[in-house]
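The letters A, B, C and D name the chains in turn, as written, and every chain counts its residues from 1.
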Amino acid sequence: MGAEVGAEVLTPAFFGAWIEEAARSVRAERDELTRLDAAIGDADHGTNLDRGFTEAVRALGERCPATPGAVLVLVGSTLIRKVGGASGPLYGTAFREAGKALGDAPAVSAADLAAALTAGVAGVRRLGSAAEGDKTMVDALAPAAGALAEAVREGRGLDDALGAASAAAAAGAAATIPMPARKGRASYLGPRSVGHQDPGATSAALILRALHTVAARW
Amino acid sequence: MGAEVGAEVLTPAFFGAWIEEAARSVRAERDELTRLDAAIGDADHGTNLDRGFTEAVRALGERCPATPGAVLVLVGSTLIRKVGGASGPLYGTAFREAGKALGDAPAVSAADLAAALTAGVAGVRRLGSAAEGDKTMVDALAPAAGALAEAVREGRGLDDALGAASAAAAAGAAATIPMPARKGRASYLGPRSVGHQDPGATSAALILRALHTVAARW
Amino acid sequence: MVGIVLISHSGPLAAETAALAAGVCGVEVVLEAAGGTEDGGLGTSPDLVAAAVERADRGDGVLLIPDLGGAALTARLFEGPGVVVADVPFVEGAISAAVTASAGGSLEAVLAAAEEARHFRKL
Amino acid sequence: MVGIVLISHSGPLAAETAALAAGVCGVEVVLEAAGGTEDGGLGTSPDLVAAAVERADRGDGVLLIPDLGGAALTARLFEGPGVVVADVPFVEGAISAAVTASAGGSLEAVLAAAEEARHFRKL
């Protein structure tokens, strides 16, 4: 059942645990992400994100930010500097905007998290000018943010709400398979990008799944 | 007074002497040509042409072509391969087209030379799509070809006719000073190219002057 | 003078394009290359871009020219007052921007020149 | 497969652009670089271009992409049946042409793709 969506139970440690879990799952799926990127990109998405999340975990360990917002801003800044590919500025912006949306609170609620995820997705859209259907990470992030916001509105528990968000992200990632890419490197390939799942949408689903995994044991 | 314009007195040796004289005068003016190219280009026109004409003289010495046409074709091919800048394909095409216009005759007349120069200029225009007034070598070559053709039509002597061609080339080169460049590297500079004499027009005038020099003592 | 930063996935591509554009320009121009990742791999590094923007900033604005979409995203992180991203052909835009910058053009003029490079004919 | 020859005043510029375009393509593509003079200086060498055209010719045509006007003139010397010069943005045209060539496009299609690169947006 987990915590109520209004309760401010999400501490910096929760967000730190999320990033650690995301790093673990990116590491585990690194070769698969790179394989997807080999099909319609330059075969570096797995290595890019593995490097970025490893550095993010290290940075959190060194600096131990005192608020959830500061955790996410530090993660975002680290991803921007370390990823090296298009996904660096994009995920970096997502985490930074989400962190800024959380403000200075020492702990936040699921509702705050929903608002932060929405802000993060808005940042990605603004930076990359991708819309849903363009075969990018937005196709996983936007439905996840929508599902989380809806679950929170319905007053569902944290575990349940993040389960819905994770499921929406996974479905969104799968839905990129038949799309022709309209943004990023894959867009140069035009119709040849059809039939492959977008690497960024796939990693976005992983990161949302990590959030749910951590919430389920919180 | 020199030979009549209809007389076929221009042998391969005459054309070889022309190229040697052109090479000498390009060598003498190398730094000046490069200085002009420094102002509105990349400061290599003198070195480019010096290298090209030196190689052309060497090639003629090695292969001794048997007709005026073959001399000019060999000079053109050598310039194309050795000059390295835009002027290589352009002068190379000029000499090759002029050589082809001369055909297989063992010696040619001033009238033939006039037709050959006209063919050469047409080749330059075709390749570079520059018109008169674009601040290129065409601004020297076209009036020179025109003046030579006219002198030949008027039945003037070889020395006289080539003097007119050389003077027209020099005047054409000087006339490039106030022009803004519309072709070649200098065209990137737009209005900043105004006030400088075009290096290619300048070298074209040198090459025509060399032709007159050689004719005067023929 | 407006500064120009070339942001490429490849270190040598940024550096050679800067050299080519400087060569066409002839006179002095502020052209900085930020290519590749910090360890010399393919990709873009915001830290290298930040350093290049700092070197290129002479007080009259900085134009960022990216090669691909990924470099464009990195470039956009630096957008702000006096720092503008040009979505233009990489080599041709760099040449055109450099010529206008070296002639003392404003940031708007340099951006416009870079945009015009889209329609410049080589033949 | 249509072959592509990148003709630049700079050896590394041609080589890095070829590598970048091949990277975007992913799959096999015939991309040859002909940059600089024979002694490695700035300029273009018809002999290097001739060799590159020969390497790039697999029987389906060759597209030549020059960086500047001087390279375009050198390129035009090789025009003929099955050999076409593209007056397009150097890096963006190379990528676009490479993608279409690697997908088995005809010479006309590869040229058209290179031309479209003029209007491709990075942002």
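We adopt the following convention: contacts are C-beta pairs under 8 Å (C-beta built on N, C-alpha and C of every residue); 3 or more make two chains touch, one makes a residue touch a chain.
Predicted model only: the values in this text are computed from it and were never measured.
Engineer: When the centre of a chain is set as the mean of its C-alpha atoms, what distance in Å lies between chain C and chain D?
Structural biologist: It comes to 23 Å between the two C-alpha centres.
Engineer: Counting only Cα atoms for the centres, state how far chain B is from chain D in Å.
Structural biologist: 31
Engineer: How big is the gap, in whole Å, between where the Cα atoms of chain A centre and where those of chain B centre?
Structural biologist: From the centre of chain A to the centre of chain B is 67 Å.
Engineer: Two-or-more-chain contact residues of chain A, please, as numbers and ranges.
Structural biologist: If we look for residues of chain A contacting two or more partner chains, we find 42, 185.
Engineer: Multi-chain contacts only, two chains or more: what residues does chain D have there?
Structural biologist: In chain D, the residues touching two or more other chains are 23-24, 42, 68-69, 76, 95, 123.
Engineer: Graph shape for the chains shown, where an edge means the two chains touch. Line, ring, star, complete, or other?
Structural biologist: Drawn as a graph, the chains match no named shape, so other.
Engineer: Can you name every chain pair that touches?
Structural biologist: So, checking each combination of chains, I get A-C, A-D, B-C, B-D, C-D as the touching pairs.
Engineer: Taking the complex as given, what residues does chain A use to touch chain C?
Structural biologist: Residues 42, 44, 48, 80-81, 84-86, 88-90, 92-93, 127-128, 183-185, 187 of chain A touch chain C in their complex.
Engineer: In their complex, what parts of chain A are in touch with chain D?
Structural biologist: Listed in rising order, the residues are 38-43, 129, 185, 188-190, 192.
Engineer: Which of the residues in chain D end up touching chain B in this complex?
Structural biologist: So the residues of chain D in touch with chain B come to 37, 41-47, 68-70, 73-74, 76-77.
Engineer: Taking the touch rule as given, give the residues of chain D at its contact with chain C in the complex, in rising order.
Structural biologist: Answer in residue numbers: 8-10, 12-13, 15-17, 19-20, 23-24, 42, 66-69, 71-72, 76, 85, 87, 89-92, 95, 117-119, 121-123.
Engineer: Applying the document's contact rule, which stretches of chain D touch chain A when the two form their complex?
Structural biologist: Of all residues in chain D, those touching chain A are 23-26, 95-96, 99, 103, 123.
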